[in-house]
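Presented below are the structures under discussion, each in the form of structure tokens.
Each of the two complexes below includes subunit A, the first together with subunit B, the second together with subunit C.
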Partner chain A sequence: MKKFMELWAFEWNRAKRFYGFLIILVAGLQAYAVFHEYRFWKGSYERMLRAGSENTLEGYLNNNGYISFDAVTNNSFFGFSIVTAIFCLLFYAVAIWYQDWTGKDRFSFRLLSLPGSRFSVYAAKFATIWLMITGLQALQIGLLFVEELIFSGLMPAGVYMDLPLQSVIPTSSPLSLALPGSFSSYLFYYSAGYAALTLGYTFILMHLSVRWRGVILAGVVASVLLVSALLFLRTGVSSFLYAEEKYWAAISIHTILFIAGTRINDYLLKNRISV
Partner chain B sequence: MRKQTTLWLGLLLVTILGTFYTQPLLAQEKTPDIAIETISGDDALVKGLTYYGTMNNWSEQTTLTLDRSGLLSSEVYHQADVFHDYSESAVAAWQKDYRSFMRGKLPYQSNYAETDTTLYYVSVEEDGFSLAALDKGTGTTAKAALPYPATASNADYTITRTFSSGNRLIIQYALYNGLSEYVGSALAIYDPRTATLEDHLIFDFPEDFPGYQDVSVEPLTQAGKNALLVMVKMQEADWESTEAGTPVTSIVFQRYDLETKQLVDLVAGADFSEDNLPYAVQDSRFYQLHPSEGDWVIRILDAAQDKTMDELVLQNTATWQSAPDMGWKLIVSGNRILVTKTYLENQKPAPVAVFDLQTGAMLYNGQISGAFGTIENTDAVYFDRIVFEP
Partner chain C sequence: MIEIKNLQKSYGKKAILENISFTINQNEVICLTGLNGTGKTTLMNCIMGLIPRNSGSITIDGADIQHQLYERISYIPDSLTMPRWMTVAETMQFMATHYPNWNATKADELLAFFRLEPDAQLKNLSKGNCAKVNFLLGLSLDADYYLMDEPFSGIDVFAREDILEVFTSKFVQDKGVLIATHHMDEVEMLLDRIVMLRNGRIVKDFYAEDIRQTEGKAIIDVMREVYQP
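On to the complex of A and B.
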């Protein structure tokens, strides 16, 4: 445990600069989205006033309805900030391994030579990615509060409709994937996400263990998993399940994949990994 | 950063996420405040009246059932949830009562027929309709394949209604050609005990007709004989015109005798051709709710005798504000008439009234009132099924 905690703090310290840059980028893009959406609304409102057909706020509301904060979360700059964060985290999730396994005087040699279980090396890297993801989610919650405060302050009274924050997360947007609107969706997406991350690490460790043979093996395993999933869905079993049964079946499959992947990763690190 | 700090940071982030997700759970899940309120009369007269409704807003769907004792059940489905059961409220109620039988079945009420003893389910398969029947008393189930009637081989079928009359199961379906164009409506009449096709009626849609066709069918009974009342509505629509004009509508009433297998036009049906008025059928009579100067009236067609009966004045209805349109529901059961609305708006009560079938006297006057939803733009409650069995 002590080794894990030390390695976790070490990995986190290494990620801080990259992470700080990512936070500034996300916050900047979202701040721009707030003002962009406000200017867009103001422009259309002023055009309507100039046209003179419905030159009152009431007339505008009759034609266009209230505006709420989901206008901001649907803004393309807002969506871009989320997609950028997702891709940056995916990049770092891979880089966290290869930065130790590439170049001269490989750091991986020292990592694996440390006393105690080698699993701590894996757990520390995984926990760092978890911390980065969860940190961005918590930051997003804070940003939503602040952005909502600014946007509602900019809009004239009587036009803005106040909605709960969980409700302004559009169901088919990158934000709904990064920060789902309900806990059940959060559990579903993130159990799937962390299972996928674990399997992704299995493929990386296969590559680091037996090089290109590992890549081929990983490809075969991935294909088998994909084909099994498709064959399973083609049986039509899922149509016989009620919604809550489908949900818990999916969570169970994610958990099984996560545990299986973690055990394989432990085995590869202890017995197969090469420096 | 020190190792303890990393741990504390992790715990802090989990707390923030936990608060974000538990906060709405604690704040909402308020049961909709909907009830039937008596204004005058004995509320025993609305015993056996059950509303099955659905209420939507942009984040959740609520299905509910309501009777004179209050809200019987209310289920909330969040739109943000990964999997949904978007079942119509009547189907949702069957799913609750007959969970095993309803497994894997479609969520549309049009695929089901319910009798006192049996719940039937039909679905479209490659080479025929598939039938599943549940004996509600014993819980036993039976399955059968119902052969398709001999129609154009390239037609696609969509079931629009399933119901039973006597010992027969009747499936009404729409026909579409290979280009997914509507080509007509049809009725297939089966004996579910032997899974055999007894008869088949097709109502073709003329190829060059500019508008819509709507075929409605209601079961009729008289002196133990079963028949069907068929109403074929043709509505012309000028697709080219941008101006809204009065649509030309014609409705033909027909009576189909299930014993003799004869389809006859009802001449008296011409008196009932006014469109979009609520109607009900009991025994062999067709009742249509009409607006009138003062109190509303019910016009009656005796389909067995092809004769228009004396109209019935519904007393004390002159004060009702909105005109009788399809937003109203008329149910005739025994010697009672129920008039109510098919939807309820937030904080705008909807009438519920029971009248005597012979005299039109108002026996019960009440209203459904409701204040519901967690936000101001919550939609109305739509009652997709209203049962009145006093």
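On to the complex of A and C.
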């Protein structure tokens, strides 16, 4: 446990700069989305006033309706910030391994020579990605409150309609992916996500162990698993199941894949990995 | 004692190491030598579990070598295997955190001995100074065995002299040392025993003193016989 905690602290320290950049990028793009949406509204309102047809706020509301915070969350810059964060995290989830296994002075020599269980090396890298994801989710919740406060402050009181954040989140696909609206959706998406991350790491460790033969083998196994899961959920047995039962079947599959992937990864690190 | 028995390693159908058996005793400086590509580094990596072996056993004092026993062995690879953004002090801190047998006093002594700047970033160090940091990190562990892969590769004569001085000092006293190199001339005076590899097999395993006394030969002469018959 001590080795894991120390390696986790080390990995986190190493990821700090990248993560800081990512936070600034996400916050910056979302702040821009707030002002972009406000300027867009202001521009269309001023155009209407210049046209002189219905030069009152009431007239504007009759034609265009109220503005609420979902205008910001559906802004393309806002969606782009979340999609960018997801791609950056995917990139770092891969880079966290290859940065130690490529180049001349490979840190993998040192990591694999450390006394104690090698699983700590895996767990530290996995936990770092988990912390990055969870941190970004917490940041997103905080940002939503601040952005809503700023946007509602910028908009005239008569035009802005206050909506609870719980009803704003589902209107934006990227946002509802980052922050699922209910605990059951959260469990579904994130158990699938962490199972996928574990299997992704199985691919990487197979590649680092037996090179491309490993990737091909892992690909075949993953395809068989995926097709079996899809067949189970879409046809045959699952047609006799209620929606809730299907949901728990899916959660069980995610859990099994996560545990199986973790055990394979542990075995690969102990017995098969090469520097 | 580290005992290697019938070690085999191959990549696909190509055998890299075949039936390797020898021991590394404490109080002995052994040179693992051979021409380029004879499997010296592969053998070192197999001992440290950095690449999987096909068959054979490696034990320390009779116990199978496992990751938990790595603190008894200090491996000094042929390059500095630390991230280049770290400073010398940070690499020392990393080692102190992760190795229970890190000897801070020894580390400080070696830092002074090698005249290294603790705040210098690794990316700004010369090759010779990187080799010194590598030695510092490896030798500051209170291990029973030290494995060194090409310790003098590509470094200048002065850095080499500094490092060689370490071998004649207290830092490796009473320890088992295995040096893999094909530059026999650089380490000849330090050696107790020589293990010669050719095409992945041990072709000769002898004590330097025996060869000098019984056959009146220098090690380089034996090398010529083995590698240039």
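Assume the second predicted complex is superposed on the first by the 264 of 275 C-alpha atoms of A that agree within 3 Å, B and C clash if a C-alpha of one lies under 4 Å from a C-alpha of the other, contacts with A are read in each partner's own complex, and residues count from 1 in each chain.
The working rule: contacts are C-beta pairs under 8 Å (C-beta built on N, C-alpha and C of every residue); 3 or more make two chains touch, one makes a residue touch a chain.
What you see is a predicted model; the values in this text were computed from it and never measured.
Chemist: Based on the superposed arrangement, let me know which partner A:E6 touches: subunit B (first), subunit C (second), both, or neither?
Modeler: both
Chemist: So in the superposed three-chain picture, is A:R118 touching just subunit B, just subunit C, both, or none of them (first/second/both/neither)?
Modeler: Touch partner of A:R118: subunit C, not subunit B.
Chemist: Considering only the touch criterion stated at the top, classify A:L143 as touching first (subunit B), second (subunit C), both, or neither.
Modeler: neither
Chemist: Between subunit B and subunit C, which one contacts more residues of subunit A in the superposed model?
Modeler: Of subunit B and subunit C, the partner in contact with more residues of subunit A is B.
Chemist: According to the stated criteria, A:S274 is in contact with first (subunit B), second (subunit C), both, or neither; which is it?
Modeler: Touch status of A:S274: second partner only.
Chemist: Determine, under the contact definition given at the top, whether A:M155 touches first (subunit B), second (subunit C), both, or neither.
Modeler: In the superposed model, A:M155 contacts neither subunit B nor subunit C.
Chemist: Mind working out whether A:R106 is in touch with subunit B, subunit C, both or neither, as first, second, both or neither?
Modeler: In the superposition, A:R106 contacts subunit C only.
Chemist: Pick one for A:R14: touches subunit B only (first), subunit C only (second), both, or neither.
Modeler: second
Chemist: In the superposed arrangement, what residues of subunit A touch both subunit B and subunit C?
Modeler: 6
Chemist: Considering only the defined contacts, which subunit A positions touch subunit B in the complex?
Modeler: These residues of subunit A touch subunit B: 5-6, 8-9, 12-13, 16, 127, 130-131, 134-135, 137-138, 141-142, 161, 163-167, 169, 171, 176, 180-186, 188-189, 239-244, 246-247, 250.
Chemist: Looking at the complex, which residues from subunit A come into contact with subunit C?
Modeler: 3, 6-7, 10, 14, 104-110, 112-118, 209, 270-275
Chemist: Which subunit C residues qualify as touching subunit A in the complex?
Modeler: Going by the criterion above, the answer is residues 45, 48-52, 67-71, 75, 77, 79-84, 94, 97-100.
Chemist: For a test of understanding, state which residues of subunit B touch subunit A in their complex under the given definition.
Modeler: Residue positions touching the partner: 1-7, 9-10, 12-14, 16-17, 20-25, 27, 58-59, 78-85, 95, 99, 103-104, 374-377.
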